[in-house]
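Below, chain A partners chain B and then partners chain C, in two separate complexes.
== the complex of A and B ==
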């Protein structure tokens, strides 16, 4: 009985611990599979608002400019055309904002991180490593 | 409505920064802030981890923020940047 009640208490507490475990609790298995495939569809993958030729947000635009400057070939997914994708990708990485940039299937960060890595030269190093 | 003061206070409380600026750049589209944070808690942590620390300091209000620009530095990095510019 005490085991059961402690289990109930644990489940009841899930919302409090949501940030920590969001990746485990809020991405459905279907979306997780889908996103696993999407982030490895190319060496560089971007989830953004709009499309590379017509970004619909300054932050997404900044990321496309930086990638263009480095002559990177990448896949881009528009979250504005799919509200479910928009929410799923945020839950997937437990990252609250768009754009999101993946290199070699790994989440690298959002606009601020990419810009800072661009300035420090870290981005070039990372891109060189993946060829 | 999320205020500059609230963002400032939450970051101050959680990250104990030695330098903090929170600038309200709301453009009519929603709450929008630029933050510069210098904290010893960032030492030895990669950028991604630092940004996550800021997100978690703002947990609860971040979903009401329309846009957030974050710059995170350690004291050493910040001194380097301020002296070179």
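== the complex of A and C ==
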């Protein structure tokens, strides 16, 4: 399978740190301005598929459940209702998948990372810090 | 060239859990255990894997769940790959 062979071929060769700087920032200035405002519209901001009461993707749903469990008040933006937003946020964050979670204006990760941080207790620490 | 292979590399095609044609390769979960992840953040690890799979992500891979461990973290974990949550129908554009 090509996905597996790509991973095995490449994982040993590229220094992990280098990939951070490989981002091609292709967001338009208008979208960058808009997204700068969106990611800091609340202490916690989620770009997801569907809305918190009706998520349309299992990964987005998992994120809303974790945030609900922690009683977090957050802003959610539905990328399925706006195809331009969907692409713009991927470019802005340089992250290929949805959902994407921002805390205090900083990108913290997608579903896997939030679930992992929830398990390790890192998430609750971060939420406590922001009040 | 000094090529360090990952200690574990597991790829699961989860496409059959979604509303896509039989035999599709659209939804994947990968588990990687590698020394390369020592002293790196989760975001860095995910970015690294996303970059390796950039071409695949641009040509049909729609969902990619990632579990990235250092060997020490892997030893301490339950050493099992997770299952992705159930599809909720938003795959179609």
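Here is the rule we go by: the second predicted complex is superposed on the first by the 106 of 131 C-alpha atoms of A that agree within 3 Å, B and C clash if a C-alpha of one lies under 4 Å from a C-alpha of the other, contacts with A are read in each partner's own complex, and residues count from 1 in each chain.
Simple rule for what comes next: contacts are C-beta pairs under 8 Å (C-beta built on N, C-alpha and C of every residue); 3 or more make two chains touch, one makes a residue touch a chain.
None of the values given here were measured: they were computed from a predicted structure.
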>> Under the stated touch criterion, which partner chain does A:49 make contact with: chain B (first), chain C (second), both, or neither?
In response: second
> In the superposed arrangement, which partner chain does A:87 touch: chain B (first), chain C (second), both, or neither?
Replying inline: neither
> More residues of chain A are touched by which partner: chain B or chain C?
Replying inline: C
>> Looking at A:61, would you say it contacts chain B, chain C, both, or neither? Reply first, second, both or neither.
In response: second
>> Let me test your reading of the model: by the given contact rule, A:40 touches which partner, first (chain B), second (chain C), both or neither?
In response: neither
>> Quick one: is A:104 in contact with chain B, with chain C, with both, or with neither? Answer first, second, both or neither.
In response: neither
> What part of chain A is shared between its chain B contacts and its chain C contacts?
Replying inline: 19, 59, 94-97, 107-113, 116-117
> Can you list the chain C residues touching chain A in their complex?
Replying inline: 1-6, 9, 11, 13, 25, 28, 30, 32, 34, 36-37, 40, 42-57, 61, 63-67, 84-91, 93
>> So in the complex, the part of chain A that touches chain B is made up of which residues?
In response: 19, 59, 94-97, 107-113, 116-117
> In the complex of these two chains, what residues of chain B are touching chain A?
Replying inline: 47-48, 51-52, 55-56, 59, 62-63, 67-71
> Along chain A, where are the residues that touch chain C in the complex?
Replying inline: 1-4, 6-8, 10-17, 19-20, 22, 49-50, 55-62, 80, 83, 94-97, 107-113, 116-117
